[in-house]
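Two complexes follow with chain A in common, the first pairing it with chain B and the second with chain C.
And now, the complex of A and B:
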């Protein structure tokens, strides 16, 4: 009874108990609302990340396909990104080239190494896509270039 | 009647306060539902656009890699994939990507196929040692390169 009185309740003012109950219910629903908004925001972000990863994977595969044909990264990148893109060739001794893609929201780093053998040249390329300083996808590919790219005798 | 007469000002304020709180709660709930619906709609739209186009690209790429030989038909709007005497025709038409499998060369044509993807356009181009497949969807396009052979 004293507890009821502390709420100002009891028989005289029962409406204050209802008021307290409403506040507790609102608090519960507010917390639930905050959690739901956070979940939806996370879902939206994950959806965008997933779409970006999908685009990046297709792009990486396209570059890898073109690179495996020619062993030339700049040509492969120009074919994959379309015309108008001037791409420098990475240095043969493990050099790398970084490209800004998708309006600067992502970076593509290409690291190339070449191994010369008697039968020809094996060229390896590592493509790494980064966004906000974090790696989002990486792909290794290689090309075999017979006679150093020169026509057969 | 007696009860009504006994109501004090604080009871009235308390009731109005409760109603206002409930109103605020209802407004917040509606806002959350609106935000949630918008987010879900955006996620669904992005999903359809991104994965619809990439799924069609992968489908054509895998078919192209698995076939014996390929020939571009219909000025790039279709491709005929040959393997073991079976012709698989994939073509764009009527806002969709269609596919049909025939056994006779005379049946090859860009009609009569089954609709496999909903798209706004599809072109296949020959870049020498590579094929370039481009699909167009609502709001953008996606393309991939496939090595011949």
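And now, the complex of A and C:
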């Protein structure tokens, strides 16, 4: 009975049913909104990660294709990133080079190893893309350059 | 009309706000689910694309390694002066999975490297007694399957 009075049944202090409904509806909307905004935020984050992965994959493929042709990482990186990029060559005995890309938001680490066969040189390159200390993508590729068994100078 | 009656009859009725709020929440939920689904789909596609790239370059590296071995064998055999006689034997002894076909002035080496369950890398390289090594084919193709397993199991009319 007292509850009925609270929702407008009483004569002393009438509370409109309309406002009670609005309060309940707003409560429901705010809870639902919080969940929905979280879903939107997760979708946006996933979309950004996906776009970054896509860029990284294209970059890795570009470097791998250029490397397959030349067997030279600095040349491959120049072709992939455009002119003006000065890239050190990784040491032949498993050395690595780290490049800062995308305005410093990502790092590319290239690890290269070379093996001189009887008739040429086969070199392997491992590309690792990292952001915030976390690996995004990694790709292994190789190149075979015929040079009569003589190492590149 | 007293004050209480005016409050009840003017503006929105009871239940209208609830209906509108529920409608808005349903719409927003649908949009959120669609956007999440699109982002998830795009992410899955990129991951599959990245995995395929890794598989392709693994097969490519294996093929290049085999090419280097073949080239090394060709060079050693060529130094003996009996290229056409010894190359085939040397390859069959040292490398598995490479088919050699005779061509004018040399051999054509044919092999495949598996990329995944559905695709292979087909490679054909010509080695000549003059020391030349020419890549004729370096091509991705579908895995050649047994025809009896690949077609649909429909009735062929026989009892």
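Everything that follows uses one rule, which is that the second predicted complex is superposed on the first by the 119 of 153 C-alpha atoms of A that agree within 3 Å, B and C clash if a C-alpha of one lies under 4 Å from a C-alpha of the other, contacts with A are read in each partner's own complex, and residues count from 1 in each chain.
As a convention for this text, a contact is a pair of C-beta atoms (placed from the backbone, for glycine too) under 8 Å apart; a residue touches a chain by one contact, two chains touch by 3 or more.
Computed from a prediction, not measured in an experiment: that's the story for all the values here.
Asks: State whether A:54 touches chain B only (first), chain C only (second), both chains, or neither.
Replies: both
Asks: Once chain A of both complexes is superposed, is A:118 in touch with chain B (first), chain C (second), both, or neither?
Replies: second
Asks: Just to be sure I read the superposition right, which of the two partners does A:98 touch: chain B = first, chain C = second, or both, or neither?
Replies: neither
Asks: After lining up the shared chain so the two structures overlap, which partner does A:42 touch, if you call chain B first and chain C second: first, second, both or neither?
Replies: After superposing on A, A:42 lies in contact with chain C but is clear of chain B.
Asks: Considering only touches as defined above, state whether A:22 meets chain B (first), chain C (second), both or neither.
Replies: Touch status of A:22: both partners.
Asks: More residues of chain A are touched by which chain, chain B or chain C?
Replies: Of the two chains, more chain A residues are contacted by C.
Asks: Per the contact definition in the header, classify A:62: touching chain B only (first), chain C only (second), both, or neither.
Replies: A:62 contacts chain B only, not chain C.
Asks: Pick one for A:141: touches chain B only (first), chain C only (second), both, or neither.
Replies: In the superposition, A:141 contacts chain C only.
Asks: Let me test your reading of the model: by the given contact rule, A:33 touches which partner, first (chain B), second (chain C), both or neither?
Replies: Both partners.
Asks: Taking the stated contact definition, name every residue in chain A that is touched by chain B in one complex and by chain C in the other, in rising order.
Replies: 16, 18, 22, 25-26, 29, 33, 36, 40, 43-44, 47, 50, 54, 61, 68
Asks: Can you list the residues on chain C that touch chain A in the complex?
Replies: Chain C residues touching chain A: 4, 7-8, 11-15, 17-18, 21, 24-25, 28-29, 32-33, 35-36, 38-40, 42-43, 46-47, 49-50, 53-54, 57-58, 60-61, 64-65, 67-69, 71-76, 133.
Asks: Touching chain B in the complex: which residues of chain A?
Replies: 13, 15-16, 18-19, 22-23, 25-26, 29-30, 33, 36-37, 40-41, 43-44, 47-48, 50-51, 54-55, 58, 61-63, 65-66, 68-70, 79-80
Asks: Show which residues of chain B lie in contact with chain A when the two form their complex.
Replies: These residues of chain B touch chain A: 10-11, 14-15, 17-18, 21-22, 24-25, 28-29, 32, 35-36, 39-40, 42-43, 46-47, 49-51, 54, 57, 127, 129-130, 132, 142-147.
Asks: Going by the contact rule at the top, pick out the chain A residues touching chain C in the complex.
Replies: 14, 16-18, 21-22, 24-26, 28-29, 32-33, 36, 39-40, 42-44, 46-47, 49-50, 53-54, 57, 60-61, 64, 68, 117-120, 122, 124, 137-144, 146, 149
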